[in-house]
Amino acid sequence: MKDMQNQPDGRQIDIDQVGIRDIVYPVTVKDRSKGSQSTVATISMSVNLPHHFKGTHMSRFVEVLNKHRDNISTTSIREILTDMQKSLNADEAHLEMSFKYFIEKKAPVSGQSALMDYDCTFKSALCGDKKDLVMTIHVPVLALCPCSKEISAYGAHNQRSIVSISVRTSSLVWIEELIEYAEGAASSPIYALLKREDEKYVTEKSYENPAFVEDIVRNATEMLDKDERIIWFEVSSTNMESIHNHNAWAVIRRDKRSMS
Amino acid sequence: MKDMQNQPDGRQIDIDQVGIRDIVYPVTVKDRSKGSQSTVATISMSVNLPHHFKGTHMSRFVEVLNKHRDNISTTSIREILTDMQKSLNADEAHLEMSFKYFIEKKAPVSGQSALMDYDCTFKSALCGDKKDLVMTIHVPVLALCPCSKEISAYGAHNQRSIVSISVRTSSLVWIEELIEYAEGAASSPIYALLKREDEKYVTEKSYENPAFVEDIVRNATEMLDKDERIIWFEVSSTNMESIHNHNAWAVIRRDKRSMS
Amino acid sequence: MKDMQNQPDGRQIDIDQVGIRDIVYPVTVKDRSKGSQSTVATISMSVNLPHHFKGTHMSRFVEVLNKHRDNISTTSIREILTDMQKSLNADEAHLEMSFKYFIEKKAPVSGQSALMDYDCTFKSALCGDKKDLVMTIHVPVLALCPCSKEISAYGAHNQRSIVSISVRTSSLVWIEELIEYAEGAASSPIYALLKREDEKYVTEKSYENPAFVEDIVRNATEMLDKDERIIWFEVSSTNMESIHNHNAWAVIRRDKRSMS
Amino acid sequence: MKDMQNQPDGRQIDIDQVGIRDIVYPVTVKDRSKGSQSTVATISMSVNLPHHFKGTHMSRFVEVLNKHRDNISTTSIREILTDMQKSLNADEAHLEMSFKYFIEKKAPVSGQSALMDYDCTFKSALCGDKKDLVMTIHVPVLALCPCSKEISAYGAHNQRSIVSISVRTSSLVWIEELIEYAEGAASSPIYALLKREDEKYVTEKSYENPAFVEDIVRNATEMLDKDERIIWFEVSSTNMESIHNHNAWAVIRRDKRSMS
């Protein structure tokens, strides 16, 4: 059978990235407290394609994914990308994976525990032997409006917000550490399981810690600035306003590498 | 060219519904205050297919839709369904359309106005000459937790909730009337545009009207029960809890036709 | 602290279902070939609430879920529902869970294997001691249009389709068996990993087996009709037409219990 | 009432962007053939916030949007951004809007017409008086696999694909022109309404024009390269493979401004 993909192409046009998208696969991800956890990821894999080739070999992406799926971490990603370069005979390899990450979390007063889910994404590339990795975590939190508290005789509108932190790092930073930064920046963390005494605690704590969407990203920036392992970050907060049918949003981006 | 769809089929199996789904089309919908409004709908259309036919003629659904798209209302739906029956030579026709519906809404104190968006669905069928129509509206509101208010020294968690009301009616009920029922059942309506004096009003009003997800569906049920034009309803509330990453939910269904 | 939920309610309105929705949790599901598999589920849990109670106790749903998450199957669901009845002091309990289910699948010629993902849903209820369970599986397949093949000089449009089968059964039916029915009803199964010889096989096989959306649901109905363990079913096919930006769709529903 | 947002903030942290997201609004968009069309947009609006201010005034975004909603075009966007700068007293304003755009399209043989829907996005910014605008259009097309055609005795797998073209331009380029580029790059355009003679035409045309995902982006690149009004572009194709449950994807990005 003719290998159509290996035919020459005369248009003199390099392709930046070509590959597969939105393949759903079970994966095992490294975990600070238990060593590893099983989850499900949505994955995109691609390579560059020089102008003289007509097409890439799509099935090889799945072969590489299948081989590595039981050992996914920020450190093992280099091996996967290297395997993609070899298998597809390419200079550049790109891998993006989004997955639910679960953490056992104790309620603040009763101590009862249940699992909280977080959306996590690894976006990585290997160009020659130069690796880039952006880790992103989306953390649901509680945000209570300082303006509403200040101007109202009682109460204050509050809502579920998503604090999203993306980082490039010079050494290992755990997903769990980024979650702590995000939660510390908001009016209160939120939980999967709260008994009445916990609900009282969270309600009062959030009322004592009002935070605009602007405050949340500034609070997080102060923490991310101080952490020397983090060399680049973007932090945003999306507040699902309880008084509107749209969201409030703010973002701060910072590249420490260009700031000395 | 052979008409494959008109070929006989020997399997003796009637098909309940066959047609097109998820076609997106601009439509003009009847509106209480302005006469009509332009919006965009996602539409499914289908008919039954007797066992002796191999297939239906899909292009005819689009022809019927194209003809009627400028005049969509709960009353004009019968014409569309009748056209589908004729054009596709079928006993039963089904039409389902979901669209954004906009209402100009004044802020409660400043009186400033802006448009609020609501998700609306018409689900209709014509079997012979017997018509069925379920109208559904999803109304975002504010829900403030009575438990949190009661047990906390100050504050109370609150959140955006979606109150969904579906009705079958014996005579015309406006979308706007269902929205009023939904908003009246919650701690407070919500708005696209609020100035500071409005935010104070909404904050205090919701604190004075705490409502569990259970209260919201019971409050709505009292109103829907009293409205004699409504002969069947389902009302649910989905609260996007600000203290959890999951939602609280309740539903009440009632068929007045079987309750006398 | 006052137990607000246990307060009396004077409105005389029973609530059909109240509980939590869209909680995301890692679960372990029974698997025909390996015994069990780890996946991630989106879950709704609810109970009925008699008119004299003001509210339900939402945290108990999470406690029950947390207890059972490592052992999910069509048989263990009764235990979960029974626990919900007890924990929430309710007559009726409802549990709905949707999850990705993975099957190792060999390519038809090369024999190379990779994992295919399927969307699966269990929708269950226990009313008193009467259990109801509907299992649904969504199976991506290939559908090649018989009309396009017949009228064209060469080629035929084809597309990815989703065959959805829901069943109530009198005894155990594996998810894997429903997948085989769905794949057998279409022009060809589809795969996560295909080498060139496999692609040739799938292309030719689908060209030899053209099937309208109507044919797919009729083919599946013949199989589901014959399987005596299945006492109720609904089968639909949604074809993501390659010549349109909308989908073709057909559905057949059958209750064998009412057909003797 | 105290203006909390205008309070000073001592953290010395500028905010890159703050504003509202995911507000849904009816808008009127400029249209090549009819002058204008009504549609529904999902909109994000934001400004920068200097470090010395505590918060921005969210309601003003809605006021600006409400004022301009009846006149949206690539040229009128500058006015909206300027109004945002003034109203919010900011140096930088950002506006992003995504909407369905409809074009009346005739079937290739029968000439019957119906509306096709396209997803369109304008992403714009005004920094001082320097405007940036990226227009993106997502065009569904038909892609037929050259490899499958070459190696198979008959037939060839084909599928719906989405060709996405983003451009920065030095002068007006119509959405309609980008749609023509995208359709010209694929195996065949697709349509909302096709009669049998049209279906034969599309089937045969696509079989005569096989195109890998790589070919589609290269074909489009050749056209976009030649159009001198376009100074920057990104073109991608996402093929919803009919033989897999995942997508094939390729992208080419080119900045002509940096290539002389």
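Per-chain numbering from 1; labels A, B, C and D assigned in written order.
We adopt the following convention: contacts are C-beta pairs under 8 Å (C-beta built on N, C-alpha and C of every residue); 3 or more make two chains touch, one makes a residue touch a chain.
Since the model is a prediction, treat every value here as computed from it, not as a measurement.
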Residue-number overlap at the chain C/chain D interface, same or different (half cut): same
Chain at maximum distance from chain D, centres defined as averaged CA atoms: C
Selected pair, greater C-beta contact count between A-D and A-C: A-D
Separation of mean Cα positions, chain D and chain A [Å, integer]: 25
Centroid distance [mean C-alpha coordinates] between chain D and chain C, Å: 35
Distance between the centres, which are taken as Cα means, of chain C and chain A, whole angstrom: 29
Chain A residues counted as touching two or more neighbouring chains: 1, 23-24, 117, 147, 151, 192, 194, 196, 200, 245-246
Chain C-touching residues of chain D, taken from the complex the two chains share: 116-117, 140, 142, 144-145, 147-148, 151-160, 188, 190-192, 194, 196, 199-200, 202-204, 206-207, 240-246
Complex contact set, residues of chain C against chain B: 1-2, 4-5, 9, 11, 13-24, 44, 46, 49, 54-56, 58, 146-147, 150-151, 212-215, 217-218, 221-222, 238, 245-253
Residues of chain B touching chain D in the complex: 1, 3, 23-26, 37-40, 59, 62-63, 66, 100, 102, 112, 114-115, 117, 192-197, 200
